[in-house]
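Starting off with a structure, shown below.
As written, the chains take the letters A, B, C and D, and residue 1 is the first residue of each chain.
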Amino acid sequence: MSNFTRRGLIKSGATVGAGLAMPTLITSPVAAYTNAPTGGSVTLGFNVPQSGPYADEGADELRAYKLAVEHLNGGGDGGMMNTFSSKALKGNGILGKKVEYVTGDTQTKSDAARASAKSMIEKDGAVMITGGSSSGVAIAVQGLCQEAGVIFMAGLTHSNDTTGKDKKANGFRHFFNGYMSGAALAPVLEARYGNDRNAYHLTADYTWGWTQQESIQAATEAKGWNTVNNVLTPLATTDFSSYVAPVLNSGADVLVLNHYGGNMINSLTSAVQFGLRDKVINNKNFEIVVPLYSRLMARGAGENVKGIFGSTNWHWSLTDEGSKAFVKSFGEKYGFPPSQAAHTTYVQTILYADACERSGTFNPCGVAEALEGFKFDGMGNGATEYRAEDHQCFKDVLVVKGKENPTSEFDVLEVVEITPRAQVEYAPDHAMFAGGDLGKCNPGA
Amino acid sequence: MIYKGFDGTMDAILLQILNGLDKGSAYALIALGLTLIFGTLGVVNFAHGALFMVGAFCAVTLQKVLTLSKISIDPTKTDFLGNPLKVKTPYVVEWFGEGTGNAIIDWNVPLAILVAIPIMLLVGYIMERGLIKHFYKRPHADQILVTFGLAIVIQELVKANYGANPIPTPAPDQFVGSYNVGALIGLDASYPYWRLIYFFFSISIIGAVFAFLRFTTFGMVVRAGMVDRETVGLLGINIDRRFTIMFGIAAAVAGLAGVMYTPINSPNYHMGMDFLVLSFVVVVVGGMGSLPGAVLAGFLLGILESFASMNEVKGFFEAIYLPSIDQIIIYLVAIIVLLTRPRGLMGKAGVMED
Amino acid sequence: MGILEVKNVNKSFGGLKALQNVNLDIEEGKIHAIIGPNGAGKSTLLNCFVGKLVPDTGTVMFDGDSLLGIKPYEINQMGVSRVFQTPEIFSELSVWENTLIPCFAKRDGAFTLNALGNVADNKDVAERAEQMLVDVDLIDKRDMLASSMSRGDKRRLEMAMCLSQNPKLLLLDEPTAGMARADTESTIELLKTIQEKLKITMAIIEHDMGVVFSLAQKISVLAQGTVIVEDLPENIKGHPKVKEAYLGEAQV
Amino acid sequence: MKSISNADMRTLMFVAIITILAPFIMNPFPTESALAQFNAGYPDLMQRFIIFGILAIGFNILFGLTGYLSFGHAAFLGVGSYAAVWMFKLLGYGILPGLVLSVIVAGIFSLLIGFISLRRSGIYFSILTLAFAQMSFALAYSVLTPLTNGETGLQVYADDPQFLQSATAPNVPHLFGMKMNDTFSLNMGPWDFQFNFGYYICAIFMLIAFYLSIRIFRSPFGMMLRAVKTNQTRLNYTGINTRPYTLAAFVISGMYAGLAGGLMASMDPLAGAERMQWTASGEIVLMTILGGTGTLLGPVMGAGFIKYFENIFSKINETVLHGWFAWMPDGLENAIVWVLHLFTGKGWHLTLGILFMAIVIFLPGGLMEGSNRIANWWKRRKGGDNASDATATPAE
């Protein structure tokens, strides 16, 4: 970029209007991509909910990001960098540049999230944005990053659409999705509850809820279950009693709660209050299923989660080397075990850094190429692959249930089964994911 | 689908009535407090939802206090990092023994009522004397801004202390489970104990407030003051002092509603905001300044909301191209009521119409 | 044939009969007073003239047109202005703006979307408003906030607002109520001058008999919702029916 | 004949100059300095200042003049955004059709809602508008997803028709080929100033909007609206039919909101449903009151104030704080950071809440009153002898 003299400033000040007419001539012609780091450091943008209902998950994501930055810069015990199958990272930042970061508040609103991400890109020169705790936000920010020409490493987003109809070449998701939840849960549910079941779905009435419900219904019906009803509940509902009450007389013997966060806690609490779990219907014990679990959130439901099945991306009680290393360095730093949100964001940061190292550039196109089809291990989920076709990670999925006798406040879930990757995999053009177009990677500038 | 016939429908209707009364209880209690403050002081209190939340967090705090624990190390077990496990024994259990101690912790929510009453009265008192007092003569817009600011501050302080996630605050074990209310009238409809308690509790609070206003001298003066503040002031009665107390009572009503609500839904820091807009709708549908109106509208909207979530009702509205009636029922009813009855169900002319 | 004709008007609220078979004829160019004890129905009657209330039965004709079911602003546009018991003015606006508004209403009608013109560019309106303020002797106070004026000044301002529209009929609802003696006197003078200069028909509802007898050219006495007497002022004094109606009220 | 007075012309010029120079004014601190955190001179935030400024100016025409407090204005913003994005989807990325349609659609929508809601006044009116807006939000988030793309927000997909999109036209919102996100960076020593095309487009619309609002304030129509606020009874008995006046004000302010929504979509082609939520409507109300209800400049200042906190304070995290106070002894540094971090980063709402209260308590007329007081104080200081003149008319 050229430096202007004072005289030059006056001149160029006067020609701003003209400059606008031919911006491409003047805008930083040197860089080949947006926010190419120039000094000795590189800036990452951590965009997480810090206010609103998911603030605690956001806080946990932020902890993981800080930990990842520390590890990348050679601090701490290195965490999962030691167990990671790729050894490109050397603990000297990324490509020799010290990793710095900026944070922002998504407020779990797509507008605010995009504003925050834009400020990171436009003001702070962030070369990668990561984070988010809901699918709406993740998809909105992913779209923005595609336009702006930076990489987006999605945080907690579970909707099929993120890597389905809304997939983008600059966006990558490590977290699992609704389809995988269904595919992982259905066999376990069949094994425990049999294949002659009548399921009643309560579904959050927005995109994520619908895709999740669709996935679970398809997966369970394939096992012989019958879907009695699917009732959509408004997002703003706080008291689910009026939705739970009709379940009793519907003839259903399983209730599936396609809710997340506060909705999940409240609907589950209502369901338990109404004594659904004590009922015997069609000579079968009535059961409740929560397809997507968040340990942080499940704590809010207290005793009510005990024995209830669901799926999760990762859990701290896993005993593989990667998980152990991560839990150790996170736990020693913060005093409690990490959540799945923390795990996925940590992994995403390391994966991004590693891709930069391997491709030798921060250029989004180079990074994307390095990530596409990348196979790795040692990050807590076993052998994993970033599929090139849709930028979705394929890995094992955990089926968990609420623990009956927790030993501590963090000990809410126990892993019932690790569903192997093969079982949750699907074709890139699967009907639930169809319609999107990855497009071309955009380096911006 | 298994159809259970007419009986099943009756059961469902009974359940939804109960649900409606239950939801309505919460609406009515909050709206009652809002109306008390509005009617006596002429202040639009956007911090009222926050008071409800503070009440709920009285229960949370009491639970934290009761479970304050002595930490001892159990070398035979390990925690998630492989270190010896720290075992927590609540002091209450230490002092009163396993049985009594745990029972006290278990009865946290009912106990919290006792704690919440003085706290909420005090909170109300401080709020009125310290802040609201200076806003009696200011435009409603200023009142909204300052109380909204206060609500944010209270909310953020709670969030800073307790985090953003809901905190489970269960009812005593004795009240877990449900009671077959339907059996009383030959139907089959079980309803959770605690929700029944919540309903009866609200009814008694509402009754107590009305009785208080109706049958005590204090209440009569306040009611007179609601009608004509200046005249009562001229009679040499210190109406301001009474209004302060009224504010304290309104805060206490909101707080108790919050305490009792905790077992129904785990409280979090923004539960007040979730209720705020709804309770304003309730107050306005009831008619500004009318206490019976607020209570009536609370129950009415609660019941309508419950019915709107029934599949049969949703199906019916879907058939007439009004899908997701449960998303909009409250607002739709509000619009219909306000268009047919200019001042809500029981509102007085000239109150907050300009 | 008067400018305002009221025939067989009945109005009841619930069971209460506020007006029963009221007949009234207000002649053009005259000052007509409507008096009567408290609760006689004076205000109800007035409200029937301005469109605030609609009589249950009967007719109210103004200048040959029925006023029934017509909205207040339409009645005003027909030429009826009203002065209230407590001055109704735009208290948060300046005296000048207070006077401008009725002038605009007179010129532009009930609604004109003149959103881009400048108030100051409307010279004709400004002249009219200025003249009115001079007439009521408020021109020195034109930039004052209306709310900060004395009650007498507010009354004069309200009068100026009504007169600026050059009404065919001016209704006055106890124009001197609650006024100090001096203010009352000046108001009476003002009304007299107006009547002499502009020949505007006025209907006055009044309690103060002093005011009534110094102004009115015709008086109707209302009691219990009916007009018991309608006559010239000199005949009203000492009329037995009036005495009966006012029994206990010593003014007559 | 002059269309606006000298004083108003000065205000307009003042706003114009500030707006044009905003890229300098908003970036007072060198890029590498610790205080650069407080710089607001990057395209997105400057666009937001302007867009919310337009929104607040429009809202003020309704609330400031007539006193009708609409609690559902965000709905018009949202509708405007949806209309603009639909134009991008159907016709192409040229912003003009989108802006035109967003204003029209918001106008029609506000006509419908206003026609019904204005049958009531006071808080009953507020609740009616709130109810309509909340219904719009709830439906946009769920049932109307085919139209609004629900939770994710409406955006342009590669397979959208875009009938008028020529092969050479940019693939982002543009005006005659000039892209909204084009930014010209001016590097001056340690400073870096960004001149964004989209920002200046917004600025032009804002200046037009501001100019129109001055005209409306000074017009007979504006005077009638202020009369509505102070005494509707008198107005009715003065021959004025108040309903069309309030309805016109409602529709005009709805169209302003629609324009703001259209611009928002033009700067960032995604329209989310949260834009219509009551919190968003509440924010508009707060902006206006905070800045100074009924003043010309106040609402713009209020909008800037809130957006500044939302975007700048929320980004000051503990690491940044530690960076600032690194020169202190460790204990003191940690103590100060611990205290400050309650108010910044994730605690930015707390600061905002406290400031709301402080402003309304100490400056009853909002930020406008604050700036007037400063101006008066300054005048008094400068010319000690003619202090009595210092009660200048507010620069509204």
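In this section, contacts are C-beta pairs under 8 Å (C-beta built on N, C-alpha and C of every residue); 3 or more make two chains touch, one makes a residue touch a chain.
The structure presented is a predicted model; accordingly, all values stated were derived computationally and were not measured.
Would you mind naming the chains that touch chain A and likewise touch chain D?
Touching chain A and chain D alike, sorted by label: B.
Tell me which chains count as touching both chain C and chain D.
none
With centres defined from CA atoms, tell me which chain sits nearest the overall protein centre.
D
Computing the C-alpha centre of each chain, which chain sits at the greatest distance from chain B?
Ranked by distance of C-alpha centres from chain B, the top chain is C.
Approximately how many whole Å separate the CA-defined centres of chain A and chain B?
Between these chains, centre-to-centre, one finds 35 Å.
Need the CA-centroid distance for the pair chain B / chain C, whole Å please.
52
Can you check how far apart chain A and chain C are, centre to centre, with Cα atoms defining each centre and the answer in Å?
73
Going through chain B residue by residue, note those that touch at least 2 other chains and give them in order.
Those would be 324, 327.
I need the residues of chain D touching at least two other chains; which ones are they?
Answer for chain D, listing residues that touch two or more other chains: 138, 142-143, 349.
Going by the contact rule already set, what residues in chain A reach two or more other chains?
51, 55, 59, 205, 232, 234, 236
Of all possible chain pairs, which ones touch?
Final set of chain pairs in contact is A-B, A-D, B-D, C-D.
Give every residue of chain A touching chain D within the complex, in rising order.
1-4, 9, 12, 16, 19-21, 23-24, 26-28, 50-51, 55, 58-59, 62, 66, 101-105, 109-112, 114-116, 118-119, 122-123, 134-136, 139-140, 143-144, 147-148, 161, 166, 205-208, 232, 234-236, 437, 439
Which residues of chain D touch chain A in the complex?
Against chain A, the touching part of chain D is residues 39, 42-45, 48, 138, 141-143, 145, 149-153, 155, 157-159, 172, 178-179, 181-189, 194-195, 197, 200, 268, 270, 272, 274-275, 310-311, 314-315, 317, 319, 345-346, 348-349.
Which residues of chain D touch chain C in the complex?
Spelled out, the residues of chain D in touch with chain C are 1-5, 212, 215-216, 218-224, 226-227, 229-231, 233-242, 244-245, 248, 252.
Which part of chain B faces chain A closely enough to touch in the complex?
1-2, 4, 8, 11-12, 15-16, 19-20, 22-23, 26, 77, 79-81, 85, 159, 163-168, 170, 176-178, 190-192, 194-195, 264-266, 268, 270-271, 274-275, 305-307, 309-311, 314, 324, 326-327
Could you list, by residue number, the parts of chain A that touch chain B in their complex?
For this pair, the touching residues of chain A are 51-56, 59, 198, 205, 228-229, 231-234, 236, 238-239, 241-243, 245-246, 248-251, 262, 265-266, 269-270, 273-275, 278, 296-297, 299-304, 316-317, 327-328, 331-332, 337, 407-408, 410-411.
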